[in-house]
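Letters A, B, C, D, E and F mark the chains as written, and numbering starts fresh at 1 in each.
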Amino acid sequence: MQTHQRTLLTVICEAVLEHKLEQALEKLGAPGWTISDARGRGGRGVRSAGWDTEGNIRLEIICNRELAQTIADYLHENFYANFAMVCYLSTVEVFRADKF
Amino acid sequence: MQTHQRTLLTVICEAVLEHKLEQALEKLGAPGWTISDARGRGGRGVRSAGWDTEGNIRLEIICNRELAQTIADYLHENFYANFAMVCYLSTVEVFRADKF
Amino acid sequence: MQTHQRTLLTVICEAVLEHKLEQALEKLGAPGWTISDARGRGGRGVRSAGWDTEGNIRLEIICNRELAQTIADYLHENFYANFAMVCYLSTVEVFRADKF
Amino acid sequence: MGLSDPVVLFFLLGFAASLMKSELKLPASLYETLSILLLLAIGLKGGVELAKQASWALLGQSLAVLAMGVILPILAFPLLRVFGFARADAASLVAHYGSVSVGTFAVAVAFLAAQGVSFEEYLPLFVVVLEVPAILVGIVLAKGISRDTDWKALGHELFLGKSIVLLIGGLLIGWIAGPTGVKPLEPLFFTLFKPLLGLFLLEMGLIAASQLGSLKRYGVPLVVFATVMPLVSSVVGALLGLALNMSVGGVAMLATLAASASYIAVPAAMRMAVPEANPSLSLTASLGITFPFNIVIGIPLYLQLAQWLAANL
Amino acid sequence: MGLSDPVVLFFLLGFAASLMKSELKLPASLYETLSILLLLAIGLKGGVELAKQASWALLGQSLAVLAMGVILPILAFPLLRVFGFARADAASLVAHYGSVSVGTFAVAVAFLAAQGVSFEEYLPLFVVVLEVPAILVGIVLAKGISRDTDWKALGHELFLGKSIVLLIGGLLIGWIAGPTGVKPLEPLFFTLFKPLLGLFLLEMGLIAASQLGSLKRYGVPLVVFATVMPLVSSVVGALLGLALNMSVGGVAMLATLAASASYIAVPAAMRMAVPEANPSLSLTASLGITFPFNIVIGIPLYLQLAQWLAANL
Amino acid sequence: MGLSDPVVLFFLLGFAASLMKSELKLPASLYETLSILLLLAIGLKGGVELAKQASWALLGQSLAVLAMGVILPILAFPLLRVFGFARADAASLVAHYGSVSVGTFAVAVAFLAAQGVSFEEYLPLFVVVLEVPAILVGIVLAKGISRDTDWKALGHELFLGKSIVLLIGGLLIGWIAGPTGVKPLEPLFFTLFKPLLGLFLLEMGLIAASQLGSLKRYGVPLVVFATVMPLVSSVVGALLGLALNMSVGGVAMLATLAASASYIAVPAAMRMAVPEANPSLSLTASLGITFPFNIVIGIPLYLQLAQWLAANL
């Protein structure tokens, strides 16, 4: 099969944001996303996922570069100031160009 | 240490497929794989992992480009039509050339 | 927003190492890390996460290329011989150059 | 009456919380644990009874019940086809309704106990008997008896799935250990049965309501099927119970078993054996409509039906 | 005295294990399950009492208790500002202390039972009443009554959060099912209450000790606030109990409720509504200092206070 | 006889389900929860006894038991070396067998209770005593007493691991709270002990069978060791029990403790301290062979041994 370049935007942030991020992704038109539970350490200290929402989530969105940038900008504006959050982009190859 | 280019194939799909995929990977000769639990949304709707197998898994295989392509083709033929599934490839550097 | 290239080091290894790896990362000066639970198969057999620490963790560190190399070397020296462990590097783009 | 039983109230709490988009969520492992406990408890109860009174008559009854599990889906299938359901979807739906829901059975047990109505203690055996055959029927209806079907993998799926292993395992443990051997297990499996069932139903309420989202997509025909099918099946089950000379409670329980639709074993098996069937269609019907219907309205109704039949036949 | 109660010992075990960096860790889903059970148990107890004695007098008392939940944070806020806390942080802190801790309440229930001191059975109702208002006060203190606030999302957060849904849900189930209906649930929610509370406190000990790490960062003012505030509040609560003509046990319980600080509902709500407040500050205070303080020292003290007041006023 | 005890049946159910490749799986957090409860229950029982009868004699007995935990692995080590096991592997194996299995102990408790055989109530104390020393011996056998060993980290590993903290914690809580203080905890830790043990053994059966896969790789020497070692150790344990003047039940329990092999504390500690030992080798032996062997055959045998010794010596 032929492959097509897309961008993978990965977001690691406080678990408490899950619902809000999903709403944002829907609004911004993300074609889909995947979430898994995580824990970690960063500028805002240890987040050990020992209880309740004291953990992180790891959110992945495969989409075109432009949308990835839009989403990242949105996150920056709305969450960076007050929440533990890290974003990064990478390049991936997908098989179905129309899906992402 | 010196690094070597390999391909990372990531598959996100219904949890119910885990066992079948493992059998397929063994048959196709994958050198190893890693699975974690996930949830998400895509063309086939929300998969929230709230109960039983109503969730996704995230499967990663590091191998050579050719095998990655073979596995992706196999998945396409056998699962895309009837199951929630997304695949993508990316390039990674490994340290032990003979292992992957 | 402008982006900056960094290296993402991913480590998949026995869950029992989590604490030791965190100590090592702190010592080596990693700017942060993210851990999630995983299971899988590799050269050292099946690790199915069915009970206790018979599972894997998936550790991600975003940092500069040099530090990633240092950490990988450290892992190689200290753990490869006796523990189930896989490492790989990939290139990602981050938004805050000073954070990673 | 049924509505004020606390286990039903737990269901309604979950259902309402989900509809109001509350953040209430039970850990997935709690749900798994509760369903394991319920399956084992039901198996154990049946096994203890087998230890007391295994007999050829019971084997005969089991075969009759098994026949019902085969016939009901075969009769329902053409009707669904007429209503425009695709072949695979229709087959999957009838497989769900020919099998049984352990949760519904457990609620009926609690309901009859609260009403002071007794029933044949070996009824859990019929839960085991009804679990599997409808799945087979569904697969044959979907695919014909083709060579393509990997019968070995399928048999594995059918007889080694989680719920059947726990039911049969519990049955065997209860049978071998017998009434006295099982005694020390009672504090968990019998004394705590009702409150654990309450927790289980809290989660079922959350899940059931979350299925309603897809209701719009499938519309009226599905709602009609998911409420009429249990009513019709319950009558068949009740008549079979009468024919087998069962008590009022037994007739009500068999009506409930017939009326209930699986949402654990069958979805898992059909997903692998008939993947082209839309899994959300069957789940919406069985979990989103039939399960609440049976729990809130059906079970009390089936008891009345049994009482009416006992009085009038 | 309080120290030798086994549930307090469980707390101390967790606390010590965490301080000694033991590898002991309870599965997160066990913690969730235990807190669900405690919330439901407390709700059920309150609901059963409502079924027995709902009255206008009780409504009046509830309003008085609610008023306390509004006034305490308003009074504490300016003090914190004087001590140099940022506006958002001060508002968040007082919201935590105006609300209640279900775990602390449960320990007080166990403690009074062990002491043979009875209290008004409807007290769980006040847990529900006190849960929400302080959050609202905190938000208004942080932001003013601005148009910016998304009151709809906020109301959702407040009244559909996990703990409030389980408390109110348990209350309604207990109320509707009544004393006889709830009877079969007792083996889980009442008989196992104390050992489950013990397990819960084991985990709370682990968590509480892990909060101490951030103590250094916030220093003396926080420690002072987190020990003086409960003491002052307990006096207010006790006096209110007296004014409401409650028994010695009831006065002690109301003092405990006033003195306790939330660590479940409020942190979640404030994180979304006032994200600029430092969540670790409030948690360190309520979980790391006030919770252990109340459990080990506070509750016995509040009972003595109630006894002293009863003897001297 | 032993085979028809329901907890053993649960083990066999899990074992069979795993061999038949059933999809049955217990949530990992359930397994963790159950092992936490068992460890606490055993600790609590021992602690309550200490509260009743701590004495110098008991201290003396504990030291004798401790000596057994040191000597058994030292004797077994050279034998394993002769059979061709690598130094690290042999050391790790004997560490597992010198320590104890809490699950095996719990099954023996249930078995003796079912047989109506009583034993010295303070025996849980010996579980605690035997947990650690063999690990130390194993490490020294593997590495010698080298400066390389990070004894501080090791001590941490040994005394702050999950199982030892829960055992000692339970012991202290039981000791401090005493028989009356622990009373309210009994519904969970004592009444539910047997059914929870059943669930635990269901999971242990699944795990034990999954270890058998690696059996082929290690072959006959491992199987021989994993069945002969417990038999020999049980005789040593029984004789020590006799020498300590224990009752028939006590002798059987001490034989069981000696015969059992650790699969929780020791694997974790050896993995960190002697990483060059193959962890799968020891687990296959202790979990895949010795645990089932002890549960199904060993424990009834050790009781007979104790009875025979009491009658003939």
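Just so we're on the same page, contacts are C-beta pairs under 8 Å (C-beta built on N, C-alpha and C of every residue); 3 or more make two chains touch, one makes a residue touch a chain.
Predicted model, so just to flag it, every value in this text is computed and none were measured.
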>> Return the chains shared as contacts by chain C and chain D, ordered by label.
In response: B, F
> Within the chain touch network, how many edges lie on the shortest path between chain A and chain E?
Replying inline: 1
> Of all chains present, which has the mean Cα position farthest from that of chain B?
Replying inline: E
>> Quick check for the class: compute each chain's Cα centroid; which one is farthest from the centroid of chain F?
In response: A
>> Roughly how far is chain A from chain B, centre to centre by C-alpha average, rounded to an integer in Å?
In response: 19
>> Taking the mean of the CA coordinates per chain, how far is chain D from chain F in Å?
In response: 41
> Mind pulling the chain C residues that touch 2 or more other chains?
Replying inline: 36-37, 90
> Residue numbers in chain E touching 2 or more other chains?
Replying inline: 23, 25, 27-29, 32, 187, 268
>> Taking the top-of-page definition of touch, could you list the pairs of chains it picks out?
In response: A-B, A-C, A-E, B-C, B-D, C-F, D-E, D-F, E-F
> What residues on chain E touch chain F, complex-wise?
Replying inline: 4-6, 9-10, 13, 17, 20-30, 110, 114, 187, 191-192, 194-196, 198-199
> Where on chain C does chain F make contact in their complex?
Replying inline: 14, 16, 20, 45, 48-53, 55, 81-83
> Taking the complex as given, what residues does chain A use to touch chain B?
Replying inline: 1, 3, 6, 8, 22, 31-37, 62, 90-95, 99
>> So in the complex, the part of chain B that touches chain A is made up of which residues?
In response: 10, 12, 36-43, 56, 58, 69, 72-73, 76, 86-90
> If you look only at chain F, which of its residues touch chain E in the complex?
Replying inline: 27-29, 32-33, 36, 156, 160-162, 165-166, 169, 172-173, 176-177, 181-182, 184-189, 268
